[in-house]
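Order as written gives the chain letters A, B and C; numbering starts at 1 within each chain.
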Amino acid sequence: GERVVTYSVRFWMIFVLASTAAVAAYLMIYRAVVPDASHVVPLFFAFDNGAPPAADVALDGPIMAPGHAYALSLVLEMPESPANCAAGNFMVELAVHAGHSNRTLASVRRPGILRFRSGLVHSLWTVAFLPLLLLGRAEERQAVRVPLIELFDNPRKEPAARARVSLSKPSLQLYSAQLHVDAVFRGLSYYMHTHRLATALVFISAIVVVQFVLIALLQFRGRAAAPALGRDG
Amino acid sequence: GERVVTYSVRFWMIFVLASTAAVAAYLMIYRAVVPDASHVVPLFFAFDNGAPPAADVALDGPIMAPGHAYALSLVLEMPESPANCAAGNFMVELAVHAGHSNRTLASVRRPGILRFRSGLVHSLWTVAFLPLLLLGRAEERQAVRVPLIELFDNPRKEPAARARVSLSKPSLQLYSAQLHVDAVFRGLSYYMHTHRLATALVFISAIVVVQFVLIALLQFRGRAAAPALGRDG
Amino acid sequence: GERVVTYSVRFWMIFVLASTAAVAAYLMIYRAVVPDASHVVPLFFAFDNGAPPAADVALDGPIMAPGHAYALSLVLEMPESPANCAAGNFMVELAVHAGHSNRTLASVRRPGILRFRSGLVHSLWTVAFLPLLLLGRAEERQAVRVPLIELFDNPRKEPAARARVSLSKPSLQLYSAQLHVDAVFRGLSYYMHTHRLATALVFISAIVVVQFVLIALLQFRGRAAAPALGRDG
């Protein structure tokens, strides 16, 4: 009776300890395997007379982890000013550089453009949204999204450290600009990110089982090696 | 009685095995003979001051399989801006190049143009669709489709590896552009693609019949060659 | 009794055979004498800065059979844009060339023009057809038909191989263009094409009659030459 109770208590203590250790282990594995889903990095363009506006940005630290894949896109918040509307298609140039060697890891040129609205549509929109416009809740601006790289494999050796973004037309006007860095989940990290609970349960229970098997083996070995030392097990 | 049962069981086992093998064989034949029906490849035009906008695109891999025929067309998503409407007819130039030799496999020039709407029709359309326009569900844009090649025979030796698309007028404005690559099904692949079920049934049953004939021949040979060895058939 | 039956059976067998042969012969004669009624060949005009738009088109193969006569006309699908309306009369130039010698077989210049509609008529038309215009079922465009050659005798030696169509005004705007090649039926081919059933019946029955006459002659000759060999029919 008492013997059975102690066995049961011992089992539950080991189970709780093993589970806690498994959860902790899985969290560490998760942190190592799954990168941060997305980062939004503000860009501050330098507008110099006649030169194409350009912005430099640091990509190290948690923004782009080595060994992971990322998609990069630029979001420009632009006023619907005549200068911007007259610019038509403009080019966005992105160059990603490594840290020490300053090697160019990726270089891409993609076109962007403001969505067109005729004078009539703009006038009717102004009338329809006048209250919001007067209160400052609506504005004559657009967020222009330019996808730059669909898949950038950040190398483990010499990972990306910084990027330079430039616009082809000096006449462009910006309210603000952001570089969106979105992790591309593939293989194990894909399952660990999208089926978070399922993979966690599978991994944690697997680790618990392995721990129990190891404990059982150790106990069996201990009894087999020292049968004469008495039953203190 | 028992003998008949074993014969029947054996027949069904062979039938199931032969059918499975036939299905697997047909799937392999299908994959080899019938190309992917269509691919839509995004194009990113480079707009440089005064130069005709041009885009390079890779066509290897599954997009254009060697030995198959394809139709190529360009779809341009264009704003109905004054610049685009004033451009009138513009030319689209396509050049398809092979991989190593860089040989030009096809070169074509075709005209494109935005559909015309008078000021009156545009105004009435704006009023009629105002709710959708204000909500951003309708837009003053057109998808201009320019058929480029009706039949391009991708050679087995030196297949197409990349293409260059360029527009004759630098003043054109684009939201986005896509190259549509549609497989042209001819001969066997035509039947295998359009009458999918019928050809599959014909092929699979033919393969099963051939397998049964072969088995019957082998068994008959075995019995004819070794009549004295006893009846283990 | 029996004799009559066998004669009758033999007659019907010969009749069926002769009729089948006559139908086959007539189909071959029809194919040789009557050309395809009409072909519509798409034209892709090249719009180069300031140069007159021009399109080259192949006319060999089944489009223009050697030894037949054809009428050629151009159909231009044009937007009712200000540029097109301001162009007034424009000239269409067609040159038909032979294959190897590149000799010009025909050369013609004909005028074309859009149908005029005043602002008032256009406005009222827009209002009347507004639902169709908004749904995209009606459009502000015209199909301008320019007859180019009423009778072109395609020579048996050196038949037409290609044509070049050009427009005099570079400012013209086109949605699409088609060259209509219509066979001109004269003499026998006229009757065979327009009174298809009547000529077919006349020809086929004539061929059947000729066959019967030939068979009768051969049988009569056979009996007259070998009266002593016995009556084997």
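Assume contacts are C-beta pairs under 8 Å (C-beta built on N, C-alpha and C of every residue); 3 or more make two chains touch, one makes a residue touch a chain.
The shown structure was predicted, so the numbers you read here are calculated from the model rather than taken from an experiment.
Enquirer: Quick one: do these chains touch in a line, a ring, a star, all-to-all (complete), or other?
Expert: Basically the chains just string along in a line.
Enquirer: Through what angle, to the nearest 5 degrees, does chain A rotate to match chain B on its C-alpha atoms?
Expert: 35
Enquirer: Distance-wise, how many Å sit between the C-alpha centres of chain B and chain C, to the nearest whole number?
Expert: 34
Enquirer: What whole-Å value do you get for the distance between chain A and chain B if each is reduced to the mean of its CA atoms?
Expert: Averaging C-alpha atoms per chain gives centres 34 Å apart.
Enquirer: Can you work out the whole-Å distance between the CA centroids of chain A and chain C?
Expert: Taking the average C-alpha coordinate of chain A and of chain C, the gap between them is 65 Å.
Enquirer: Among the residues of chain B, which are close enough to touch at least two other chains?
Expert: Residues: none.
Enquirer: Write out the stretch or stretches of chain B touching chain C in their complex.
Expert: Those residues of chain B that touch chain C are 88-91, 109-111, 113, 115-118, 120-121, 124-125, 128-129, 168.
Enquirer: Sort out for me which residues of chain C touch chain B in the complex.
Expert: 44-48, 53, 79-81, 83, 122-123, 126, 130, 133-134, 139-141, 171, 173-175
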